[in-house]
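In the two complexes below, subunit A is the common chain; its partner is subunit B in one and subunit C in the other.
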Partner chain A sequence: MSLAFAQPWALLLGLLAVIPLFKRGQPTLAYSSLARLPEDPLSLWIDWSLRVLASLGLLLLALGIAEPYLREQWVEKIGTGAHIVLVVDRSSSMNENFSGTYLGGTAHETKSVLAAKLLAEFVDRRGQDFFAVVAFSAAPIYVLPLTQDHEAVRSAVLALGGRGHGITNIAPGLAMALAHFSAQPVTGSRIVLLVSDGAARMEPETADALRQQFQDHQASLYWIYLRNPKGGKLAEAPKNPNESTTPEYYLHQYFQSLGVPYQAFEADNTLALQEAITKVETLENHPLKYRQKLPRQDMSGICYGAALVCLLALLAGQILEVNT
Partner chain B sequence: MIVEFHYHIPWRSLGHHPGHHPGTQSGGGFEFRGLLPFTSQPDPRHLDVRAMIADPTQALMVKSFRQRAAIPVYLLADLSASMGFAGKTALLAEFAAATAWSAWRTSDPFGFFACDSQIRWDLSLPLRLHKGMASELSAQIRAFTPKAKNALGLLEAATLLGRQRALVFMVSDFHFPLGQIEALFNALVRHDVVPVVLWDSGEYENLPRFGLVELQDPETGQRRRLFLRPSLLARIRQGFAERRAELTQICIRYGREPFFLLDRFDPDAMTRYFYS
Partner chain C sequence: MNLAVNLSWRFWSLLSAVILLAICLTHPTLPLKRPVFRYLFVIDITQSMNASDYHQAGLPADRLGFVKASIRQALDKLPCGSEVGLGLFTTRNSQVLFEPIEVCGHFPLIADVLDHIDWRMAWAADSHIARGVYTALRETAARGGDTRLVFFSDGQQFPPEPDFPPFDGKPGAISGLLVGVGGSLPVPIPRLDKENRPLGFWEYVDLRDYLPLSAMPKDGSSLYLSRLDEQALTRLSATTGLGYLRLETPESLTRALLARNLTTERIVAVDIRWMLASLALLLLLQRFQPQRVT
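Take a look at the complex of A and B:
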C-alpha cells in the first residue's frame, strides 16, 4: 500500500482549511447580551460541526486536486495455465472453406472465421492462461503481448476472422512469437500454437535460427494444419518431393527436428479442427507461478466524493440560516 | 408628542425650595405641623383661638404648617453598547423627554446623566429647572449609537448626585452582572431609586422562529451561533422571565420594585407605578 500524489504542490492549498475554524462566513446579528441566552449544547455542536465540515471539505478538495493514487503493484498468483502464443495465418488462402472454394462475402464459413471462432472459445475455456497473438501473412503482425486480459485476447482473435491477404510466410511469424518469451522467466509451459493452412519454403539460415530460439525458450510447438482435403498429408511423403510444391511435408519434417515437444494436428473439416483444439487443451495443464501487475489506482475521486458530502452538509447549513 | 406622568414620593424632602412634595420646612402649606407661641412665629393670620382658650396660661398660640418642597429628579441612562439593540435608544429618548417634562410640570429640577463606560457629558444635562428636555438632546440620544463595553459610568454618576435625597430614575437594560447591580444600588443608597428596566421584545419574544443565526455581543465582542427552534425560544423566554424575577427581588431589597419598560412607554402605567 503505497500512496503518492500526482500534484503534491496542491497539498499547500490544504493550509487554507484553518480559515473556517477561525473565520465565520455568516453575517452576524447584534444581540444585546449573550449572557442572557441559555447554553445550548445542540447549537454548540452544530456550530463546531459546521466549522469542522468546512475545514474538512477544503482539506479534501486540496487532497483531490493533489490527485493521490495507489502505486502500481505486483500480485503473485498461481495458475494452472501456460503461456500460449497464437500464431494465426492471415494469408488469402484462409478466405477459402475446407473444400477449397473461395467464398468471399459469406465469410462465416471460411477457414479464418472458423479458426477465429474456435480459438476464441478455446481462449474462453483457458481462464488461467496467458495469451499472446501474432498474425502473419507475408509479414508478421504484432497483435497482443502476453496478457491475461481475456477480453482483449478474445477480441483480437475474433478480429482475425476478417479477410486475409497475401502469401503464407511462417518463419517471421514464428520468430515474433518466440520473441514474446524472451526477457521472461520460465514460470510454466510455453506453447506456440500455429494455425495455418499451408507452408512456405524456409531458408536454411532462418531455419537454424528458429531452431536455436525454440531450444533457448523451451517452447513447445503445436501446429494445427488446416488441410485442403485434396492436399497431401503431413505424414505421407509426397510422390515427387519438392519443397516448392509440397512445403507442408518439409515443414513437418523440420518441426520434428526442432528438439522441442512438437505435435501436428491435421484438420480438414470443422469437426477435425475442433478436435485438434481440444487435444491441445488437454495436453497443457501444468501449474504456473506468475506475477500480475495491478495498475495504479486514482484516489482523487474518493476525495472529491467525500468533499461533496461535506459541502452538501454545509449547503444544508446555509439553507437553514436566517436571512436578515 | 411629549407625554406626562405623575410621580410621588413616600418620604419627606429636606429641601428648602417650595414644590409639590412633602417637606420638612415650615411655611405656607396645608399640612398642620403643630402649635407655636405667637412670639416664635408672629403671624396673626394663624392665631388658633381654640388652642388659646384651652391653654391655662391664656398665651397667644399660632398654628404652624409644613411647606411642600421640591426634590431633585435625576435620570441616569445606561448607554452601553447593549442599549444599541433595535429601538432601545429611541425608547430611552422618549422616556427621558417624558420624565423631564413631568419634572418641569411638578416644578422639580431635572438632571440627566448619560453614562457608558464613563459619563457622556456631551449628552448630559445639569440639575436645573428645564422646561422639558431640550429637544435636540432627545434627538441626539435617539441618533446615538452606543459602543461602550460597559456601563461603569453609572457608578461615577452616582457620586455626583448631591447630598440631598433625590428621585433617581435609573434606565438600563440591566444586562450586567448582579454584583454590579448591587454595587450601583449601594452607591445610590441615599436616594430614592426607580429602576426602569428597558427591554426590547426582539431580545426574547420576537426572535426568528427557526434557523441558524450568528449573534454577536456588542459589549464583549463574543460570537455565538444558535440553532433557533421552538424549544430554544421557550428556554430564552423562560430565561428572561427568571431574570425579571431576579431583578425584581434585588430592586425590592433596595427599596422599589423595578418598572419594566418593554417596547413602548405608557405614561399611565408609570403613574400607576407611583400611586398603587
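Take a look at the complex of A and C:
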C-alpha cells in the first residue's frame, strides 16, 4: 500500500495552515480595561481549539486538492484467474465464410469477423482472467502481452475481425504464445486457445521444440478448428493420408501427442463456434488463488470529508459568538 | 453596527465554504469539451525499414527503431482522453493490431506492443506503398470520421513499379499524416535471419528474380540501396490529401501530432472538486485577513 499525490504542488497550500496559529479568526472587541480581567483558561482553550480547527481545515483542504491516491495494488483473490493466450488465424482464408465463399472487403459474416465477435464476448465474460493476443498468418504478430486490461484486450480482439493476409503457419504463432508464459509465475491455469481454419505442415524439429515448450510451461491447448462443412473431420483418418492435403488431421494427431491437456472443437457454423467457446469456458472454471491488480483509489474524498467536519465545528463556534 | 455587518459576512463565507465542501463529497463532475486526438498509427515493417540512417545520440539508428522511439515520445505528450491504435504495413496491406484506445489509461500496454513491433511480423516481403496507404485509409475510415491516419514509411517501393495504382477515395476525406522515414543518401539494407542475426546486406544478386531487368545496375554496383523516397511520398500526399512530414527528430513528430487541425472534440467528465475546495480554502482564509480596529 503506498500513497501518492496526483497534484503534489498543491501540498504547498498546506503552508497556509500556520496562519490561524498566529492570527485570530474572530473580530476583536474593544474593551477599556483589559488588564483588569482575570485570565480565563476556558476562553484560552476555546481560542486555541478554534485556531487548531481552522488550521486543520486548511491543511486537509490542501491535502484534498493535492489529490492523494493509493497506488494500484495486488490483492489475492479466489476465482478462475486463468492466463489465456488467444492465438488467432489471420490468414487470407479467414476472409471467407464457413462454406468457403470469399466475401468482399466489407463483409460482416467472414470467419474472422464472427470469431472476433464471439471471442470479444468470451473476454467480456471472463473478467478475472489475464489475456494475451497473438495473431498469425505467415508470421506471428505480437498483439498484446498477458494483461488484465480488458478494454485493451477487447480492442485487440475486435481488430482481429479485419481482413487477413498471407498463408497459415501455426508453429511460430504457438511458440510466441508460449513465450508469453515464460515471464510469468505459474499462478493458475495456463491456456493456449488456438482459433484457426486450417493447418500447415510442421517440420519435425519445430514440432519437437514446441512439444518441449508446452510441457515446460504446463500449458493446456484448446483448438477451435473452423472447419469447412465439406472438409474432413479431425478424428477421421483421411482416405489417402498425406500431410500436405490434410494437414489438419496430422496437426490433431500431433497435438494429442503433446503430453499436456488438449481438446479440439470443430465448428462449421456460427452456432457450433459459439458452443465451442462456451465449452472452453466451462472447462476452465476451477477456482484457484490468483492475484488481481486493484486500480488506484482516490483518497481526496476522505480529506474533504474531514475538512468539512472541522469547518462545521468552526461554524458552530461562529454561531455561539457574542453578537454586540 | 459596523461589527454586526462584519460578523454576518464572516458567517456567510464560512457557511458557503461548508456548502462547497458538502458538494465535494458528492464527487461532482462537469462535462467539458476537450480537444483530444484519435490516431491510427500504421508502421511500415518491410525490410528497408531496417536500414540505418539516423545518427542521434540516445536514439536507435535504424528507421523502424527511430519511428518506434519517436511514437513513444509523442504518446507521452498526447493529452489524456486521446486514443491511439496501432497497425502494420507490408506488401499491399495494412493490418490493425488493436482499435484506438485511451492513451493515458493504457500507456504501458501500448508502449509494450510498440516495443515488440518487428520486421519479422511481416506476412510477406514486398512493399507496394501506395496500396498500403490506400488500405490504411480504408481501415481508418472504418474507425469513424474523427480517426486520423499517421502512416510511417520510407516510401521505397519493392519491386519497383512505373506508376501508382489509381486512388479511388476522395482526397482529404481522411485527414492525417504521411511520415517520411530515412535519409536522402542511399544506404544498404541489412539482411537478417529469423533470429535477427546480421547476414550482411541485400545485394542485387539476391533480388534479381524479383527485379525487372531495367532496375538492375549497369555500373556494376552490387549493394541494393535504399533512401527516403520523398518524391513518392509527397505525390501520395497530394493524391490522398494527407499531410507530409519528414521525420527528423522525435520532437518534430510530437509537434505535428499536436497540430490543431488534427484535433477532435470529446466530452470529458472533468473532476471539479479541486476548484470547489480551493474556493472553500479562500473563504476560510478570509477569516484571518488583517482586521480594522473598531
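Everything below uses one rule, namely that the second predicted complex is superposed on the first by the 206 of 324 C-alpha atoms of A that agree within 3 Å, B and C clash if a C-alpha of one lies under 4 Å from a C-alpha of the other, contacts with A are read in each partner's own complex, and residues count from 1 in each chain.
The working rule: a residue touches a chain if its C-beta (ideal position, glycine included) is under 8 Å from a C-beta of that chain, and two chains touch if they have at least 3 such contacts.
Since the structure is predicted, the reported quantities are computational estimates derived from the model, not experimental observations.
Of the two partner chains placed by the overlay, only subunit B lies in contact with A:L320; subunit C stays clear of it. In the overlay built on the shared chain, the residue A:V143 is in contact with subunit C alone; subunit B does not reach it.
When the shared chain is aligned, subunit C comes close enough to touch A:I65, but subunit B does not. Of the two partner chains placed by superposition, subunit B and subunit C are both touched by A:T28. When the two structures are aligned on the shared chain, A:L37 is found in touch with subunit B, with no touch to subunit C.
Within the superposed three-chain model, A:A152 lies in touch with subunit C and out of touch with subunit B [touch as defined at top]. By the document's definition of touching, neither partner reaches A:E275: not subunit B, not subunit C. Residue by residue along subunit A, subunit B and subunit C are tallied for touches, and C comes out ahead.
Within subunit A, the residues touched by subunit B in the first complex and by subunit C in the second are 24, 27-28, 30, 321, 324. Listing the residues of subunit B that touch subunit A in their complex gives 82-85, 88, 173, 175, 200, 203-204, 208, 210-220, 222-228, 232, 235-236, 238-240, 243. Against subunit B, the residues of subunit A that register as touching in their complex are 24, 26-38, 40, 42-43, 46-47, 50, 317, 320-322, 324. Interface residues of subunit C, counted against subunit A in their complex, comprise 3-4, 6-7, 10-11, 14-15, 17-18, 21-22, 24-25, 27, 85, 88, 91, 93, 95-102, 105-106, 109, 112-113, 116-118, 120-124, 138-139, 273-274, 277-278, 280-281, 284-285, 287-288, 291, 293-294. The residues of subunit A lying in touch with subunit C in their complex are 7, 10, 13, 16, 19-20, 23-25, 27-28, 30, 54, 57-58, 61-62, 64-65, 67, 90, 105, 135, 137-145, 147, 149, 151-152, 155-156, 158-159, 162-167, 300-301, 304-305, 307-308, 311-312, 314-315, 318-319, 321, 323-324.
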